[in-house]
Structure formats: C-alpha cells, structure tokens
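Working notes, beginning with the structure itself.
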Amino acid sequence: MVYVTRRETFSASHRLYNPQFSDAKNVELFDKCANPNGHGHNYVLEVTVAGNPEQDTGYVIDLKDLKELVRREIIQKVDHKHLNHDVDFLEGVIPTSENIARAFWEILQPNIRGARLFSIRLRETENNAVEYRGEKS
Amino acid sequence: MVYVTRRETFSASHRLYNPQFSDAKNVELFDKCANPNGHGHNYVLEVTVAGNPEQDTGYVIDLKDLKELVRREIIQKVDHKHLNHDVDFLEGVIPTSENIARAFWEILQPNIRGARLFSIRLRETENNAVEYRGEKS
Amino acid sequence: MVYVTRRETFSASHRLYNPQFSDAKNVELFDKCANPNGHGHNYVLEVTVAGNPEQDTGYVIDLKDLKELVRREIIQKVDHKHLNHDVDFLEGVIPTSENIARAFWEILQPNIRGARLFSIRLRETENNAVEYRGEKS
Amino acid sequence: MVYVTRRETFSASHRLYNPQFSDAKNVELFDKCANPNGHGHNYVLEVTVAGNPEQDTGYVIDLKDLKELVRREIIQKVDHKHLNHDVDFLEGVIPTSENIARAFWEILQPNIRGARLFSIRLRETENNAVEYRGEKS
Amino acid sequence: MVYVTRRETFSASHRLYNPQFSDAKNVELFDKCANPNGHGHNYVLEVTVAGNPEQDTGYVIDLKDLKELVRREIIQKVDHKHLNHDVDFLEGVIPTSENIARAFWEILQPNIRGARLFSIRLRETENNAVEYRGEKS
Amino acid sequence: MVYVTRRETFSASHRLYNPQFSDAKNVELFDKCANPNGHGHNYVLEVTVAGNPEQDTGYVIDLKDLKELVRREIIQKVDHKHLNHDVDFLEGVIPTSENIARAFWEILQPNIRGARLFSIRLRETENNAVEYRGEKS
C-alpha cells in the first residue's frame, strides 16, 4: 500500500463567530478571529489517498484525476471566496480549520475511486495546521 | 554598507474594487478578486534597511527595534483585519499589493533611525509578490 | 477526531558529549557534534494534539492557548540558550533531538486539557528531524 | 520509540511508458509524462527509521551513518541519471513515484541496523508526493 | 516604481553537452551533467516586471495577464520536455540555467506591455540559481 | 551579464558580546543574544557572482568550483563551530550577521576567477537576514 498526496492552495476569507452567543462572548472565544469584517489566509490543502499501485500504470491513482477532482469539488468553490458567506457546504458551520477539513473529507471521500481517502491536511498559516483522517473518536 | 531584512507575516482580507466603476467593470478589471464578500491572504512582509554596521554593536540596526517598529506600526493594524474596511491608512486606496507596499513605505520610512529604508517586499501568495524601493519613475 | 499542529521555532546551542566516555570516544561517537565549544541550530518544533472539535467553537483546542503553553513551558526556557548548560529539564541528558523531543513530551503531556498530546516533532536542520509520539517500544 | 528522518535530494529524468501498450495508449495513460524524450524532477527523499534511543548516545541511529547509507545505496545511483535507462534496480519498472519508493524500500530495509525502516517518502514536485511504509494491502 | 514578480514552475530534462568537443572533454567540463541520457529538474521561474501602478487599478500589470503570458510563451513549451530536443527556441543552445534565462528574456521582453521586464530568475535546484536582467557586460 | 547564486548551509553557535563594555551594558545592547553560554543557528549562506556566460560552456562560473570554494574556505571553518572561539578570521569580531557577511566577502572576493563576487547573503533565522555587496557607504 502506498500513500499519495496532492497539494493545492486557495485564498479565502473567514470569520470565527458563533451566532448562538453574544458578540462579547465571541470575542472571548475567538479573539481577533472574530473581527466583524473577517480576515483571510492562503490555505494549503494536502489530500492523501491510500491504495495499491496498479500493475499497468504504477499509479495508486492518476494524480491528474485527483488534481481535477480537488479543483472541481473544492478549490473552485472556496478560492477567492468568503467561507462564511459564499460556500454552500459550509453554511451554518463555524469555519475553523477543523470544520473545514471535515467538510472537505465528506465531499471527497465518496469521489475517490480505486483507492481510499486517507487524510485531509489543511495548513491555515505557516504555524497552524489540522489533519483529519475520517476517524470517529 | 549592509542590507538588513526583517520578515513578518499577517493574515488579512481584501477586495479589489474601484468605486468609480460599475460592478461589471470591476469584475472585468479584477476578476475573482472583486468578489463582493472579499477573500484573504497570509501576507509575508520583508522590510529591508541599509546602513553601516556600528562599531560598538556590529549592527546596522537592532533587529529587535525594527521588529517592534514593524509590529507596532504595521502588523497590529493589518493582522486579522479587512484591508478595505479596518485600516485607517488604506482608506480610499485599492488594496493591491503595489498600493499596500507603498503605504507601508510611507509609514516606516520616517521611523527608521541610523539607517535608511531600502525596500518593502510583500508576498501575497507563493506565486505573487511586489517590491517597492521608494523610487519615483 | 482531528489532529491540530502548532509550529514554533527556537535558536539554541548544544554539544553532544557523554561524560562517561573519554574525549576520543566522544569524537568517535559524535564526530563534529562533540566540538568542545558547541554549535547551534534553529530548531523547528511542531506540537500535535488530537481530539474532537467542540460544538461551541469548532476547535479541538484553542491554538492561542496551545501557543502560550508551548512558549511558556518550552520556548522561553530553550530559546537563545545552551541546551547543555542553561536548561533545567535537560540536565544530565545528552541533548540529541531524540532526547529533547522526549523531554518536551514529558513537560507538555500533562498540560494539554480537553485533548491529548499526539506528537512532538523536532527539526534540527533542513535534513534531520525526529518525532516522538509517547510510544514505548 | 522515536522516529528519525533523513532528507536527501536528487535530480533525475524519467519517462512514464508501459512497453506492453501502444504509444497512443501510453499517451492516454500518462499524458505529458509519456513524452518520448522524457522530463525530469528534483526529487526530495525522506527516509524515516523507528527505534529506541541508545543509552550511550541518545541516538536511535547515527544520522551520519544513515546519510552515508542513503547516499551510497540510493543517491549515487539515481542522481543526475535517467531512471528508465541508467538505474539497475529500476530495470523493467515504470518509474512512477510509487514504484521508485518501493524499490528504495527494498534496498534500504535490510541495511538498517539497530532500528527498523519505517517510511520512504518521495516528493516529485512541490504538489505531488508518495509515501511507502512497507505495508501489504 | 514597483517591481512585480510572478512565480511559475516546470519540470524538464536537460543534458549539458557541447557538440564541438569530444565526449571526454564534455565530461571534464560538465561532469555528471553530461550524462548521455540526461537528467532533470523542477525549475522555479520568477519573472519580475517594473512599472508604475495605474491609477484605475492599482496594478503595475495584471498578474493574470502576466501568468497567462508566461504560461503560453514559456511553460507550455518547456514543461515535461527535454530542453535539448523538444524546445525550438533552445535549439543549438547548451541548456545551462544562464542560457535558458537569457532565452526566456528574449521571448518575454517584447511581450510585456505597460511595464518593462526587469529580471528573469531561474532556480534549478534548491542550491543553484541564476538571474538575468538584460544587462550587457 | 548573469548573476549566479550558490546556496550552502552551516550550523554554528555565537554570542553577541562587546568586551569593551560591562555585562550589564552587553545585555542592554544585545539582550538574550548576550547569553554567556551562547546560542546557535542554522545559517543559510547565498553567494552570488556576476559575469558573462562563456561561449564554450554556457557557464558564468562552474557551480561545482564555486561550491568547492565556498565549502573549503567558509563552510569547513564555521560549520559545527562556535563563531566566537573556533574561527580564525572572526577573532576580535562581534559575530553579528553583518560582520560575518563582510568577513566572508573578504575571503571569497579574491578567490573568484572569471567573474566577480556580487553579493553575500546570510540568513540567520527565517525572519532575519543580511546582504553585503562590497559597497562602501
């Protein structure tokens, strides 16, 4: 079994805000991430699939197909967007990296053919990153 | 003469939009960067000063002082902010990297002591960057 | 379950030397790393915790809290220090990356609340790195 | 148990081509990677071994030994080479990253002493990478 | 005046070989870079243009236009190619980074509108790079 | 004219301390960089030479020669060393990056043949760097 990783990037805005709480409570919880006008990041997304290389190609998955899948299903929907307002599949979700990674997993997991999705890694800044592997606690 | 560079980062939102033009014209000019809800970046800022190392310290400038200057005058005002709405010194400016770099120059240039500001470099994404050296064309 | 990583850096000196052995034996074991006056690195530390995002915040852990914990308990004690001479919790330890990573684990592990420490990754140079996950062999 | 990683780089050419198929079929399978004159990459190789730090040294493995092993057995045989034509142990193998990583594993695995080989990671471009951990599916 | 840089990457093979000399002389001159079957790199290309930001847009140049120009005129012609055999504008040229950078300059320089080409930077490996600014010695 | 850059790295300790001043004054001047036991860095050195590519080779300079020069004259003397105690050519010099870069210039400049030394760039941390071009103020 081999793990194959495709890296893509996107630039987006977000605001961390829970509408169930007061503004003061949101600042307490999210500090400067609760800034009403939002802020943004160059996100780095790494999608890893696991499988056996096929005999005919030596590929676990055609990375061109994986690239196109990730761009069509994810990047085109989040790049140069505001994650709180412009993205259907994040509606009602507080757009922390944790929640975004899980939302990406739900979209990609059923679309990987001939291999299985192993991990979604999302780097928000050079210092902060999350990874989701589909594990239930 | 030695050039000394301090690197800082900040995360911000912006929208490229010229209010003198129609929305259609703005999309034509700025494409997806004109998205009404904005988008964002992890900006990388490199501030370079030039001067002679002092005899007593071997420093052109104390980088701790330069760091504090850049953080106080720039980073605290733009980090986790929306550059179109939250930043006094960018009011009325289309926040392209070119314009942001020149605005940073105007703020920092009079505040550098014992050396002179040489360059403001601003990397918006891993593929796009600008540099301003105070040159008039 | 989601894995959340915080990256911090510090600059420190160390010398690889086992006082139970002769100088010649130390050079044989540690080569140029046994240089009596020591040498140094910009270490890159990645601390990963694992847990479930909380409903209210979408956070596994508040990265601001994790940052402050790592800076208070680790970075302030090792940054701009000599790891053989200036750090209480490394006394009597040969400061290889392996031993440093395990010492960091012992300090951080009891201090992570609401999630569990998953991994300490320490990059000594761009070519050499170690990772410790609390596993006993 | 601690995981220790050594990073090395090499520059090589390759062509993805399965001689059992027609040229047209190869272009269908491998697209521009089937270009008859080949193309090339700066590969980044990360070799990870796992083990217990020795009492005397604090090392899982002497990274100088691991570096020399990887350079002697791998890098010298693939650096500035054409992977389809110049490398004995890749003869008859379609040189995808998946297949190269597994070939490297077979070479290194029996040569690691006092620790066990844990992972071969091979980055072909800044966006594409594979990892092999010796797992059979 | 502001300097604006666009970064692109491509993967290609090359062989350093001067047909006016014997094979032995070529090995003496180019060492392992003269390997008959060639070798390859992930080249990083940085194209810098200089100019004044336009009043209407705040742009020196629309980076989307620059990206498309560089991709159409350069990247599509060299990516996944063998630089000695597959590239018209490198015919008869020893494909050192120096010569490649100058060839790229000649192609791009007449195509930059509203600004002037300032620099072509080409990174061949993480350790080796060249820059050409159109200067005659 | 083309600029050619070779990148090398080294790991070293240093302490910023001016023996003409009291310890208290040194702490005032150099803060934590005055720590008596020193601290260290992974320095990144970039040496740039400028010249015309030779007709026969397409090289400004053979980068293998430049690499060997830099390693023999600089890296072997500073790597895994304490810059205050172990390096002849830094004796009596406060080892700030500014002073180190100028010392490297003095060593390399007379040794570059067929091209001229253009710049010494020294990155001390990911945030702090200096560059010296042989300019007198």
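So that you can tell them apart, the chains are marked A, B, C, D, E and F in the order they are listed, and the count of residues begins at 1 in each.
The working rule: a contact is a pair of C-beta atoms (placed from the backbone, for glycine too) under 8 Å apart; a residue touches a chain by one contact, two chains touch by 3 or more.
These numbers were taken from a predicted model, which means no experiment stands behind them.
With contact taken as defined at the outset, subunit E and subunit F are each touched by B. The fewest steps needed to get from subunit A to subunit E, moving only between touching chains, is 2. More contacting C-beta pairs link the chains of C-F than the other of the two pairs C-D and C-F. Between subunit D and subunit F, the centres computed from C-alpha atoms are 34 Å apart. Note on chain placement: the centre of subunit B and the centre of subunit D lie 41 Å apart, centres being C-alpha means. Chain geometry summary: the mean Cα position of subunit A and that of subunit C are 28 Å apart.
For subunit C, the set of residues that touch two or more other chains comprises 126.
Touching pairs of chains, sorted by label, consist of A-B, A-C, A-D, B-E, B-F, C-D, C-F, D-E, E-F.
Note for the complex: subunit D touches subunit C at residues 1-8, 51-53, 56-60, 63-64, 67.
Across the interface of their complex, subunit C is touched by residues 16, 18, 20-21, 29-31, 93-99, 101-102, 126-133, 135-137 of subunit A. Interface residues of subunit C, counted against subunit F in their complex, comprise 9, 11-14, 32-33, 35, 37-42, 79-82, 84-86, 125-126.
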